[in-house]
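The two complexes that follow have chain A in common; it is paired with chain B in the first and with chain C in the second.
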Partner chain A sequence: VRREKREPSLPSNLVKKMFIHYVKMPVAKDALEAVERCVNLYFKHLSNDLEAYVNHARRKTAELADLELLMRRQGLITDKMPLNVLVERHLPMEYRKLLIPVARSGNKVIPQKPR
Partner chain B sequence: MKRTLPRSTLKSLVKKHKPQLRLGGNTDLLVHLNFLLFLFRLAEEARAKAVEEKSKIIKYEHVLSSAKIILKKSRG
Partner chain C sequence: METEAQRLKAAFHYTAARLCEEVAEDKGICFSRQAIAAVSEITFRQCEIFARDLEMFAKHGKRSTVNVEDVKLLARRSNSLLKHITQKSDELSLNNLEQKEKKKKKSAAKKGRRNSNEHEEPVAIVNEDSNMA
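Take a look at the complex of A and B:
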């Protein structure tokens, strides 16, 4: 059966591997396909939400604050669970460096705080 | 497990859904984080469902019912 017009999606084996890593249990084949469809749906919702936030602020570019607001509304970021902790827990070092400001010598903060 | 995705793939994915939307510097990393957390939540929920039914593997129904819950939770 050929699928007509593929939806934009992530590489499927990557999604599968990540899911299997997180569940720590054997997963049925059709269940994995369901996960993929779910991920596609998730990205669709995500881009819709982001667009709404950005339009509301009368901008054209999504900023870090938009994502933070999104995650707060999803209940991922709470007062007890700040964004930086989530970044530290889930993202690898090279990404963490880009997101969490660190003070260097000479009172320089890298990366610079967004104005 | 590799915890990184190709950044350009992630960017172009959002781009495909919303061609006019621009992603500012490093926002794609937060999108990535959000995606990881989403998958994590989904996995937890599916496992809980499977354990509840004393099933040894994650079945299609488990994913489907937990997807409903988690997608609802991750509305912005």
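Take a look at the complex of A and C:
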């Protein structure tokens, strides 16, 4: 029995838990379903925008700069709220270690910047 | 003592009033003075946002000059607006090409007499590469 092909999306459990964590109040089931649909739509828009920004920089690969521009246009990153602060606030430690370079002893910077 | 921002706002207000007059004639309605003032204020603030975004887009394309591509990226969200702006930019680039050809012909001919019927429209953006990337 082959599973029918569905559109790839975030696990509904994850979306549910995150949403409930942030709203801090009971949420109806149909509201959660609506939130899931919104998340899928959000990713659709996000990928379209990202594609436009990557093409604008005449590249084929999405880079950190493209995402930063996207978040700036979404109003998440402002002059008072840089990307690194958002990373420190919302991402767990292992991701922060990947994104924000830290100077260690012996003149080592971890992680090393690509290229 | 008048600041630069105040003068700009006054210019915005005047233009907004003119445009509102046109719309009023077209639709057969009347704009109150407060409505016109609100429209001009909204336009002024929206321009700040546009300026910031355009600067970002130009920087993203590793340029220091804002060009047509950046403006198109700004208007990408709404389809009809994008169509309109693309059409306008095509017209502008055509105009530029014509003017360039005229200049070339002039410089090639090198005639002493001046063309009296010269009406150069002020073109805000000189688009060097009009081909779409």
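Note that the second predicted complex is superposed on the first by the 106 of 115 C-alpha atoms of A that agree within 3 Å, B and C clash if a C-alpha of one lies under 4 Å from a C-alpha of the other, contacts with A are read in each partner's own complex, and residues count from 1 in each chain.
Rule of thumb we're sticking to: a residue touches a chain if its C-beta (ideal position, glycine included) is under 8 Å from a C-beta of that chain, and two chains touch if they have at least 3 such contacts.
Not measured: the values here are computed from a predicted model.
With both complexes brought onto chain A, simultaneous placement of chain B and chain C is permitted, the two fitting side by side without a clash.
Look at A:73: by the touch rule set out above, it reaches both chain B and chain C. Touch criterion met: A:21 reaches chain B, while chain C stays clear of it.
Legend: residue contacts after superposition of the two complexes on their common chain; A:100 is shown touching neither chain B nor chain C.
Residue contacts after overlaying the shared chain place A:47 against chain B, while chain C stays out of touching range. Number of chain A residues touched is higher for B, counting chain B against chain C. Once the two complexes are overlaid on the shared chain, A:58 sits against chain C while remaining clear of chain B. Between chain B and chain C in the chain A overlay, the least Cα distance found is 8 Å.
Residues 52-53, 66, 69, 73 of chain A contact both chain B in one complex and chain C in the other.
By the touch criterion stated above, chain A contacts chain C in their complex at residues 52-53, 55-58, 65-66, 69, 72-73.
Taken together, the chain A residues at the contact with chain B in this complex read 8-11, 14-15, 17-19, 21-28, 30-31, 34-35, 38-39, 41-54, 60-64, 66-71, 73-76, 86-87, 90-92, 94-95, 98-99, 111.
By the touch criterion stated above, chain B contacts chain A in their complex at residues 1-5, 9-10, 12-14, 16-18, 20-24, 26-27, 29-40, 42-44, 46-47, 50, 56-60, 62-64, 67, 70-71, 73-76.
Of all residues in chain C, those touching chain A in their complex are 53, 56-57, 60-62, 69-70, 73, 76, 133.
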